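Presented sequentially are two complexes of subunit A, the first with subunit B as partner and the second with subunit C.
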Partner chain A sequence: MSKIKYYIRRLFVTVLLIFGVVSFLFIAFRLMPGDYATTLAGGGASSSELEEIRESWGLNEPLYMQYYHYMANMVTGDPGTSHVSNEPVLSYVRAPLMNSLILVIPAILVAFTIGSIYGALLGTKSGTAFERYGILPPTLAGTTPNFFIGILLLLIFSSALGWFPVGGMAGYETYAEVESHYEIYLTTDFWSHYVLPFTTIVLTFLYYPALIMRGSVIDVKGQEYTYFQRIAGLPSKTRFKHLMKHSSLPVITLLPAQTATAISGLVLIETVFNWPGIGTLLFDSVLSRDTPVIQFLFIIVAIWIIFGNLIVDIFYTVIDPRITIED
Partner chain B sequence: MSESTDIEARLNSLLKNNFVESFRDGINKYLSDRITIACLVFLAILVFISVFDQFLMPYEHTTVHRTPDGEIARLESPSMAHPLGTTTSGEDVFSRLLFGASSTLLTGLVGGLIIVGIGLTVGMVSGYYGGRVDSLLMRITDFAYGIPIIPTAIVLVAYFGMGFWSSVLIIGLLLWRGNARVFRSQVLQIKEREHIKAAKMLGASDRYVITRHILPNMMGMVVLFLALGTGITILISAGLAFLGFMDPYVPSWGVMLRNAYSSGSMTEAWWWSIPPGAMISFTVLAIFLLGRSYERVNEEQVNQVS
Partner chain C sequence: MTEPLLEVENVDITYRMDSEDVHAVTNASFEIGANEYFGLVGESGCGKSTLAKSVIKGLDSNGEVSAGTIRYKGREIQDLSEKEYNKEIRWKEISVIPQAAMNSLNPLAKLSDQAIEIANVHTDWSAEKSVDRLKELFDIVGLPESRVTDYPHQFSGGMKQRAIIAMSLLLNPSLIIADEPTTALDVIMQDQFLKHIDGLRDERDLALLLITHDIAVVFETCDSMAVMHGGQIAEKGTTKEIFSTPRHPYTILLQQSFPDARHPDRELEVIEGSPPALREEVDYCTFASRCPWAEQECQESLPPIESMNGNDSHAVSCFRSDEMESLASEHLNTIGRPQANAIENEGYEDDD
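Moving on, here comes the complex of A and B:
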C-alpha cells in the first residue's frame, strides 16, 4: 500500500472513530439513570415547569430526532449551553481548557525529555549498580498517587518553606489587574502558582519514558552496527546521538497514551492545587449534572487521544522507513 | 531385570534432581536480588496485617478518644498512646492505618483480577480465532483506549451511585484494554509453535489447545499483568476516594487521605496525611517491582530454552 493511500485510510478511520465516540456519548448520557428534565430543573420543580423545560430542550421529540439535532449541532461546532451558567459551552469551556493545556503539555514534554535522558543514561551503564538501583526513584514517583505527590509538595514548599503559594492560578490582585483572561499567563504571580502543579505532573510521568528508554537503549546497544561504529572509531558523542535517535521510537509511541492519562489525572492535580482547569470544571459539572459541559469535555479528550495516535502513526512512517504498513 | 530397575532408578533420580534443582534455581534467582526480597517481605507483612488487623490494632478504628478532662482528643500529635496521633474526630490514626490495609489490598486484587480476566479473554479469543472476531474485538479495544479513566469513573459513580464494589468494578471494566493487546500478540506468537500445530493436526479441540498448550505458556505474562493491574487499581481507587467517589465507610488508605485533606488541618497534622499516602506508594512500588522481577526471571528462562 502506498503511503498516500495509507494516510487517507488512516484519516478516514480517525473521522469514523470520532463520529463513533460522539454518538456513544449521546447514548451514554441518555442511558444515565434519572429523568433528564428533572436533572436540568434541579430540585423542587413543578410538573408544568418540567414540561416547559422538556419543550425548550426538545426532550419531547423522538430520540432519533434528538440525536439528529445533537449531531448537527456538534458538526456545526455548537455543543449547546451550560445548564449551570447559561453560557454557550464553547466559551464556558475555553478558559479552563487553556489553563489546563498550558499546564499539562509543557509538563508532559519536560517529563518525557528528562525521563528519556535519564533512561538512556541507565541503559548505557547497564550491568552497574547505578542501572539496577537508579530506576527506583522514578518508579517510586510513578507508583505514588499523583495527588499525594501534590500534597507532599504543598506541605514542603508552601506550608513549611513558604516558597510558593498554596493554590489557585493567581492571586486576587493579579486577577484585578489584568484586562483579558490570557494576560494572566504573562504575570510572575501566575508562574509562581505554576511551579508546584507543573513539578507534580513531571514527577508522575518520569517513570515510563525512563523505563522504556532504558530497555530500548539496551536493545539498540546490542545491535551490530553500534559495534561497527565503535571499531570504525566514531567519537562517543556521535555514537550516543545515533543511539538516542534509534532508541527513542518506543518512547514516542508512548506519548499520546501518556498524555491521555495525564489529562485524565488532571482532575486530581487540579483539585489539590485548586487550579481552574478542565479537571475542576469536570468535577463541578458532574456534581451539578451539567450534561452538555461534561459531554463536550469528554469529546475534547477523546478527539485529543484519537488525533494523538494518528500523529504518532504518521510520524512513525516518516521517521522509520523500515516500518511496513500493514492493512 | 536388575538392569531395567537400575535405569529406572537413575531416570527417576535424574528427573527428581532436575526438578529440585530447577526449582531451587528459580527460587535462588529471585532471592539473589535484594530489591525482590525487600518487596516480598514488605508485601508479606502487609498481607499479615490485613489478615490479623483485628489483633494488631491497639484500638477499634472508630473509637473516639478523649482527653482526661473529657474533651475529644482532636489532632493529637504522635505519643506513646497514639503512635501516629489522632484525627480531627479523635480516632487513632495508627489503628485506622492498619485497618485500611485489607480494603486497599482487596480493592487492588479484585480490580487486577477483573482486568486480567477480561483482557485475557479478549486477547485470547482475538488472537486464537483471528478474522472478523479479531478485528471486531480489536476495534472495541481501540475504542476503549479513548476513554479517560478517572473522569469516566467519576461520571459513572455520580450517576449510578457509589459503593465499594461498584467503584472497583468500574475501574476493572475500564482498564482491561492495555493487556488485551499484549495477550493477543502473545497468543499470535505461541499459536505458530510446532507443538501446537501438531496438537491441532492430531485433532485436539480448540478448548484443549487453549487450556493445555497456550494458557500455560502465558502464565508469566498473566502474573505480570495481574501485578500491574493490582497496582494501578490501588492507585486509581485512591484517586477516586480522594475526590470523594469511594464509599467513605470503607476506610481504605485513599479514604484516609481524603479525610485528612478535607478536614483542612492537613498541614498541621502531617501524621494523619502522610502515612496513608506513603503506604499506598510503597505497596504499589513493591507490587510493580515484584512483577518486573518475575518478568525478568521468566525472560531468562525463555531465553535459555530457545
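Moving on, here comes the complex of A and C:
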C-alpha cells in the first residue's frame, strides 16, 4: 500500500473515531441522573413552566431525534448555548481555551525539551554517580501531585519571597487597560502571573521524557551498530546525531498523549493558580451543570488526543523507515 | 618471504579497572602476510578479540597497548592518533567485519547512505561514487544491485551479513579483521559466509584475520593460524602444521575435544578448569593450571615462543614442546585416539 493510501485510510479512521466519541458523549450525558428541565428552570418552577422548557429545548422529542439534532449541530459547528451565560458555547469557551493553550502548549514543549536533553545526558553518562542520583530530581517532581507543587511554589515564591503574584492571569489594572481580551497576552503583568503555573506544569511533565529518553539512549547505545559506526571511524558528532535520532522515537510517541493529559489535568493547576482557563471553566460548569459547555470541552480534549495520535503516526512513517505499511 | 602486511610484536594489552588492572594479552606476536588468511582461535576471554581490536584501534577507552609494537606495512600504528589512523589506515587499509554482523547496520538509514557516510570520513569520494562502489560490491557478494537503497530491516539475516561484507570492502582494504563472524549463525549460514570469504580471495589482494573459537572454521578457511590461551599465544604456524603436528598441550587437547567425522567413536577430550583471571603481571604459562603435563617451571616463568625443528613458521610457547609428541601420544593412547595422519586423507574438508 502506498503511503498516500495509508494516510487517507488513517484520516478516515480518525473521522470515524471522532464520530464515535461524540456519539458516546451524547449517550453518557443522557445517562447522567437528574432532569435537564428542572436544572434549567431553577428551584420552584411549576409543571407548566417545566413543560415549556422541555418544549423549547426539544427534550420531549424521541431520543433518536435528539441525537439527530445534536449531531447536526456538531457537524455545523454549533455546540449550543451555555445555560449559565446564555452565550453561544463557541464564543463562551474561546477565551478560556486560549488562556489554557497559551499556558499548556509552551509548558509541555519546554518540559519535553528539557526532559529529553536531561534524559539523554543521564543516558550517555550511564553507570556514573551522576546518572544514579541524577534520576532522583525528575522522579521526585514527576511523582509529586501537581497541585502540591503548585502550592509549594506559591508558598515560596509568592508568599515568602513575593516575587510573583499569587493567582489569576492579570491584575485588575491590566484588565482595565486592555481593549480586547487577547491584548492581555502582551502585558508584562500577564507574564509575571504566567511564571508559576508554567513552572508547575514543566516540573510535573519533565519526568516521563527524561526517564524514557534515558532508557532509550542506554538501549540504543548498547546496540551493535553503534560499535560498528565507531570502528568504521564515524566522528563522534555524527554518531551522537544518529544516537539521538534513534533514541527520541519513544519520546515523540509520548508527546500528544502527555499534552492531552496536561490539558485534562489542568483543572487542578488552574484551580490552584486561579487561572481562567478551560480547567477552571470545566470545574465551574460541572458545579452549575452547564451541560453544553462540559460536552464541548470533552469533545475538544478527545479530538486533541485523536489528532495527536494521527500526527504521530504520520510523523513516524517519515522518521522511522521500519514502520511498514501493510494492508 | 616478502615483508609481512601486519606484524604484531611482543604486544601486551592492559585494561584499567577501578581497583586493579587486567592483563588481557601478554607478549603476543604474530604476522600476517599479504593475501594470507590467518586464524586466531581460543576460548571466550582468551584475549583474541582484544588483540584484534588493538589492531583496528577499537579497544574500549580503558584498554591500551602497554608494550610491544603493531606494524602495518612496516609502519608502527599502535601510537597513531585517532585522526591520523582514520585518515590513513582505517577502512582504506584495514577494515572490520564485526562480531554481530547482522545487527551492525544502522536500522534507520539506507545502506547507500551508510556507505556514503563511511566513505565521506575516509575519502573525498562523491556520493555517486560511493553508491556505485557499493553496487559493485553488492554484485560481488551476491546481492541485487538495486537493493542498495533498501533499509537493513528489508534484508534477511544472511543478506545483512553479506551487506556487512560489502561495507567492509567498500574502500578496498588490504586486510579485513573478522571478529567471530560466524558465531551467531546457524551452520548453513556459517558455511555460506565462509564460502563468500573464501571467494573473495580470488577476487582481490586481501588478507584476513579471522577471530573465532571454532578451530574447525580455521582449519577450513585459513592458511596459517595461532592458538591463544589466557592472553598468550600458545602455538602458531601454518594450518597444516597445527592440524597434523600440534605441539602445545592446549592445541592438542583442543583438537581432541572436537568430534571427527572419520572417528565417530572416539572419546572427546575435556579440558578441565578455567584460565586464570590475569589480575596481576603474567609471568607464567597461563595454561599450566590446566595442563596434565605441567611442571614446576611452567608456574614460575613465562615460556618463550620458539620455532619447532628449525621450522620458520611453526612456533610453540611451551617448556616441554620437544617431549610433547611422545607425552601426548602416550596420553591419547590411553583414551584410544588413532594416530593423527590427518591432513592427507582430507576426509572432512568436504567441499560439496
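The rule is simple: the second predicted complex is superposed on the first by the 321 of 327 C-alpha atoms of A that agree within 3 Å, B and C clash if a C-alpha of one lies under 4 Å from a C-alpha of the other, contacts with A are read in each partner's own complex, and residues count from 1 in each chain.
Heads up, the rule we're going with is that contacts are C-beta pairs under 8 Å (C-beta built on N, C-alpha and C of every residue); 3 or more make two chains touch, one makes a residue touch a chain.
What you see is a predicted model; the values in this text were computed from it and never measured.
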item: Overlay on subunit A: subunit C relative to subunit B, clash or fit; value: fit
item: Subunit A as apex of subunit B and subunit C, Cα-centre angle in degrees (nearest 10); value: 70
item: Contacts of A:179 with subunit B and subunit C, given as first, second, both or neither; value: neither
item: Which superposed partner A:245 touches (first subunit B, second subunit C, both, neither); value: second
item: First (subunit B), second (subunit C), both or neither touched by A:263; value: first
item: Subunit B versus subunit C as contact partner of A:152, first or second or both or neither; value: first
item: Partner, of subunit C and subunit B, that touches more residues belonging to subunit A; value: B
item: Gap in Å between nearest CA atoms once subunit C and subunit B share a frame through chain A; value: 15
item: List of subunit C residues in touch with subunit A within their complex; value: 56, 58, 85-86, 90-91, 95-96, 98-100, 103-110, 117-118, 121-122, 151, 153, 164, 167
item: In the complex, subunit A residues that touch subunit B; value: 17, 20-21, 24, 32-34, 132-133, 136, 139-140, 142-148, 151-152, 154-155, 159, 257, 260-261, 263-265, 267-268, 271-272, 282-283, 286-287, 289, 294, 297-298, 301-302, 305-306, 309
item: Of all residues in subunit B, those that touch subunit A in their complex; value: 35, 142-143, 145-152, 154-155, 158-160, 231, 235, 238-239, 242-243, 254, 257, 261, 266-267, 270, 273-274, 277, 280-281, 284-285, 288-289
item: Subunit C-touching residues of subunit A, taken from the complex the two chains share; value: 223-225, 227-235, 238, 242, 245-246, 319-322
